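Labels run A, B, C and D following the written order; every chain starts at residue 1.
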Amino acid sequence: MTKFKGVVPPVVTPLNPDLTVDYPSYTRVLEHLIDAGCHGVFVLGSTSEVIFHDEKTRRDIIEHSAKVVNGRVPLIVGVIDPTTDRVIAHAKVAKAAGADAVVVTAPFYTVTSQSEILDHFRYIRDAVDVPLVAYDIPVCVHIKLQRQTVVTLAREGAIIGLKDSSGDDGNFRYALLDLAEHKDVFLMTGSEIVVDNVLQMGAHGVVPGLANVDPHGYVRLWDHAQAGNWEAARKEQERLCRLFEMVWVSLPRTSAGSAGVGAFKTAMRALGVIATNTMARPQRSLNADEAVKVEEIVRAAGLVS
Amino acid sequence: MTKFKGVVPPVVTPLNPDLTVDYPSYTRVLEHLIDAGCHGVFVLGSTSEVIFHDEKTRRDIIEHSAKVVNGRVPLIVGVIDPTTDRVIAHAKVAKAAGADAVVVTAPFYTVTSQSEILDHFRYIRDAVDVPLVAYDIPVCVHIKLQRQTVVTLAREGAIIGLKDSSGDDGNFRYALLDLAEHKDVFLMTGSEIVVDNVLQMGAHGVVPGLANVDPHGYVRLWDHAQAGNWEAARKEQERLCRLFEMVWVSLPRTSAGSAGVGAFKTAMRALGVIATNTMARPQRSLNADEAVKVEEIVRAAGLVS
Amino acid sequence: MTKFKGVVPPVVTPLNPDLTVDYPSYTRVLEHLIDAGCHGVFVLGSTSEVIFHDEKTRRDIIEHSAKVVNGRVPLIVGVIDPTTDRVIAHAKVAKAAGADAVVVTAPFYTVTSQSEILDHFRYIRDAVDVPLVAYDIPVCVHIKLQRQTVVTLAREGAIIGLKDSSGDDGNFRYALLDLAEHKDVFLMTGSEIVVDNVLQMGAHGVVPGLANVDPHGYVRLWDHAQAGNWEAARKEQERLCRLFEMVWVSLPRTSAGSAGVGAFKTAMRALGVIATNTMARPQRSLNADEAVKVEEIVRAAGLVS
Amino acid sequence: MTKFKGVVPPVVTPLNPDLTVDYPSYTRVLEHLIDAGCHGVFVLGSTSEVIFHDEKTRRDIIEHSAKVVNGRVPLIVGVIDPTTDRVIAHAKVAKAAGADAVVVTAPFYTVTSQSEILDHFRYIRDAVDVPLVAYDIPVCVHIKLQRQTVVTLAREGAIIGLKDSSGDDGNFRYALLDLAEHKDVFLMTGSEIVVDNVLQMGAHGVVPGLANVDPHGYVRLWDHAQAGNWEAARKEQERLCRLFEMVWVSLPRTSAGSAGVGAFKTAMRALGVIATNTMARPQRSLNADEAVKVEEIVRAAGLVS
């Protein structure tokens, strides 16, 4: 299993004003990412507002994605819901609909321990024949996948990889060291702003939400890193850091949750990729004043003239 | 709307060893609670392991509950899932299946603000014609329903009540004071161990998970409080505090999440109310040694001879 | 040791505009509290801005307090600093200067465990022959004195009492139950707003910062509780809850730390007890607009006509 | 002001069994660091157990350090205590005793806001004529120095640098970008395990506690980074990551606070640099079994044969 690597954006889900999925825009997003050279796509992640979508919509999104992607790059699918058997149900749908791998978080709402989290992944692995990627996102699930949990699951073959959105890069580094001999396991960061660093540590891929706005930037960053051209990687990363500042524009009028994806959607609308910046309920969308500020940031980063 | 008050236990959901719902046991739980004089039942709450159940199972549980309860006491139903429109879907099912009111938490997994939480409740209220009860449970959803949020929603008629499982009894008292003139709003605590105090503050009801084990105790406590017999209420509460210590028996082998409900199920099995102490995956059930300790606590509290 | 009980306010430390202690005002504060019938005074607590005062000022404050109090009520003294041996040094000074007991928190700045906290109290007890009161204040020291820690220290005689400012009244109740046979141990709450409840649980005393503003109110509340007149206690508590709302007036311009004590000082200035509402650096004092709002609250509570 | 840069270890304070400072060992520590090529020393930091030392001991330590260092490298001194005026007192002593700069945290114990933190640094700067370095250490003071706070203080000249021990490397990167034009400001990380990354971002220095054990390793890492030899830097960093694992050896018997510095002391004793691994009270020192494990880690890292 070496096909998962490189820049794998968590794909934004464009919405119509009536909150249904805007599939024409969605198709454009996928083409925009693949055209730019992204190495995979991760649909139905946190950035995709997965948690707002019901079973039927999730199935439709996966099937639509599979049709558009059509094998050009791997299709990784988030199967994110609070508890084991509900995740298993999503994973079966995802596999049937064309997922190459599925992404699973720790349980949430319910309070669990690392032992129960280990069992959570094992139960899912036993129930569905599809590769599992562990998703470490304490800001959403409020528990960390500890180093030992990730390493144990990877060594016993329960997971094939990790998406680390914990922000704890020291811990991530230890996972890389512990699993250095496991060439089939891939470890990816969810960071937008320290990607050069994490690649220098040896990370196998990067899953930045901001790549929806500027996929070329992250592909260039990846290519610089592959070439060992760290100074160029740093310059590209620093430009992307300035672009990332869009995520604070609407605070505190909106929540931190809606401010980030809401800014990505607003920028993508400005770039002509999607039709609206509508966010799923009860999130607030960015307003006109905030959109002007996002567009200034987009322009300053050189994405439009 | 004055029918919601008193002791309203969050009903444990008994499971078969294959993790399906054990309906014969479930019927016994409901009869056990109603026979003891409980004033309502709250099904599909956190204690009911609601978050582990899919849509179909939830519908079956509500319908079964409605049939067994048969109007003898109000039937309050948790419609707990991460985001607005998913909650609306559950609320429609609950109403159709016989719920007298539904219980709604703040959104979870996604990060929201108090403004977005206000909108969350308003959207649900507008979409479904069923009374809403707000459920403040930061240990599960990781955000508090602030005093001003609860008071605003109650004053504008978006909610008819509150179940407060936050442990912040000072804040709860301010909500009681702020809403003292709103005679149609009821405010209930989720505490097991300071029920006498919260009733003395003027709370309208109590939703203790431990009432699954000892409903008579909480009904006596309620009756003492109604009679202004605070010394007797305190003595009853202190006995129940000792009984409540069962929730720490299996720590840290199990998580805090499974230790509490797992102990209640174990005690109910010992009392002959339910058949197994099986917990939904990936939670761990209490083992034989832990069951012995729970049974000793049950015996010490005078529930068995 | 049964002399510690009742209403024991944490005494505000009035400051001159140049940040030195305003002793004439301080004398008036102590007389104001003793005249109102308070059963003890707790100087150099958090409310006293103890953490801002150096060794010499602390010694002066204790000596001044001892002289003014002159044995009329017990004098309890906070010896609050980050680590064991620094606390021991303060405790020796406090004993020499006339303290009847000293109040000790868990270590802070450094990260410790419950085992190390146990040793912290034991080392202090062995080094200084003065009764120790444990002070549970996680909002300042960022670790909770667990029930087992408090109970162990009380049973082995290392502490004679607890001041619980943790807000975890359920845990406090278990400490009361566990130590019910230890008649020489007293357990006090730091709450301002659930005092009636905590007294009904059996607490031996109350240490409310707001008693600096309205000592008569808390003494009446205590007397009602002693008489078992819980309805009158509740009414008094509810009036004090409205008075307590002064602590939110200056937020977010000031921090939560300065908003509370700053409001108490502002109210005491309005009542003619102290000369300024100056706060120690870097805290912000309440400004004129905020003072007007505090005064309105004071008037609404019936303290001035 | 360009003299602060490079590897600046926070110097461990060796103790005698009676808890006094072991100055002969302390002299050896300083020589060990300077001999290895460290570019400065930071005494009386968290790693130095500063918070356990009283005023007199702190003065003695600074004076001893100044005498041993004797201008060979800059001497940076922590002046760490909870509140503004107490820090000012320490800073005056430090300046008089020979400090080239002093290191100041946010206030602690008391709860403050970013506005009050800004004032805290300004008051200190106005009171003492010695360069200030801001120390961001939320694990100890429980509040973060926000990016805007650090940048504001640096731009107005209130601080000359930052030691960032927050672990939030993304935020640190933004501070580097914001202050890129301020050539006189230096930004250092407190990390032990992502030093290569932070240097690649452009950090001016590194303050790793582990450098007490292996100063040569961090100097080599710094030199590789200066030469742009990032692959060699990474290899050195990975070796140091394995060495750093000593900090978890004594958990959970000791606290996290004592486990880290306790392990450094244990390793330094094994290397013959200091005489005991004694920790200040109430911290627990590592025991014999734990010392064996630390020594194995030291040996595996190639520090002894």
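Assume a residue touches a chain if its C-beta (ideal position, glycine included) is under 8 Å from a C-beta of that chain, and two chains touch if they have at least 3 such contacts.
Being a predicted model, the structure only gives us computed values, none of them experimental.
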| field | Chain hops separating subunit C from subunit A, counting only touching neighbours | value | 2
| task | Using the contact definition stated above, find the chains touching both subunit B and subunit C. | result | none
| request: With chain centres defined as mean CA positions, report which chain is farthest from subunit C. | output: A
| If you average the CA atoms of subunit B and of subunit D, how far apart do the two points sit, in angstrom? | 50
| note | Whole-angstrom distance, CA centroid of subunit A to CA centroid of subunit D, is 36
| task | Make each chain a node and each touching pair an edge, then name the shape: line, ring, star, complete, other. | result | ring
| Chains that touch, pairwise | A-B, A-D, B-C, C-D
| message | Can you tell me which positions in subunit C touch subunit D when the two form their complex? | response | 19, 46, 49, 51-52, 54, 80, 82-86, 89, 107-113, 115-117, 119-120, 123, 139-142, 252-258, 280-284
| said: Can you tell me which positions in subunit D touch subunit A when the two form their complex? | reply: 167-170, 173-174, 177, 191, 193-194, 196-198, 200-202, 228, 230-231, 234, 238, 241-242
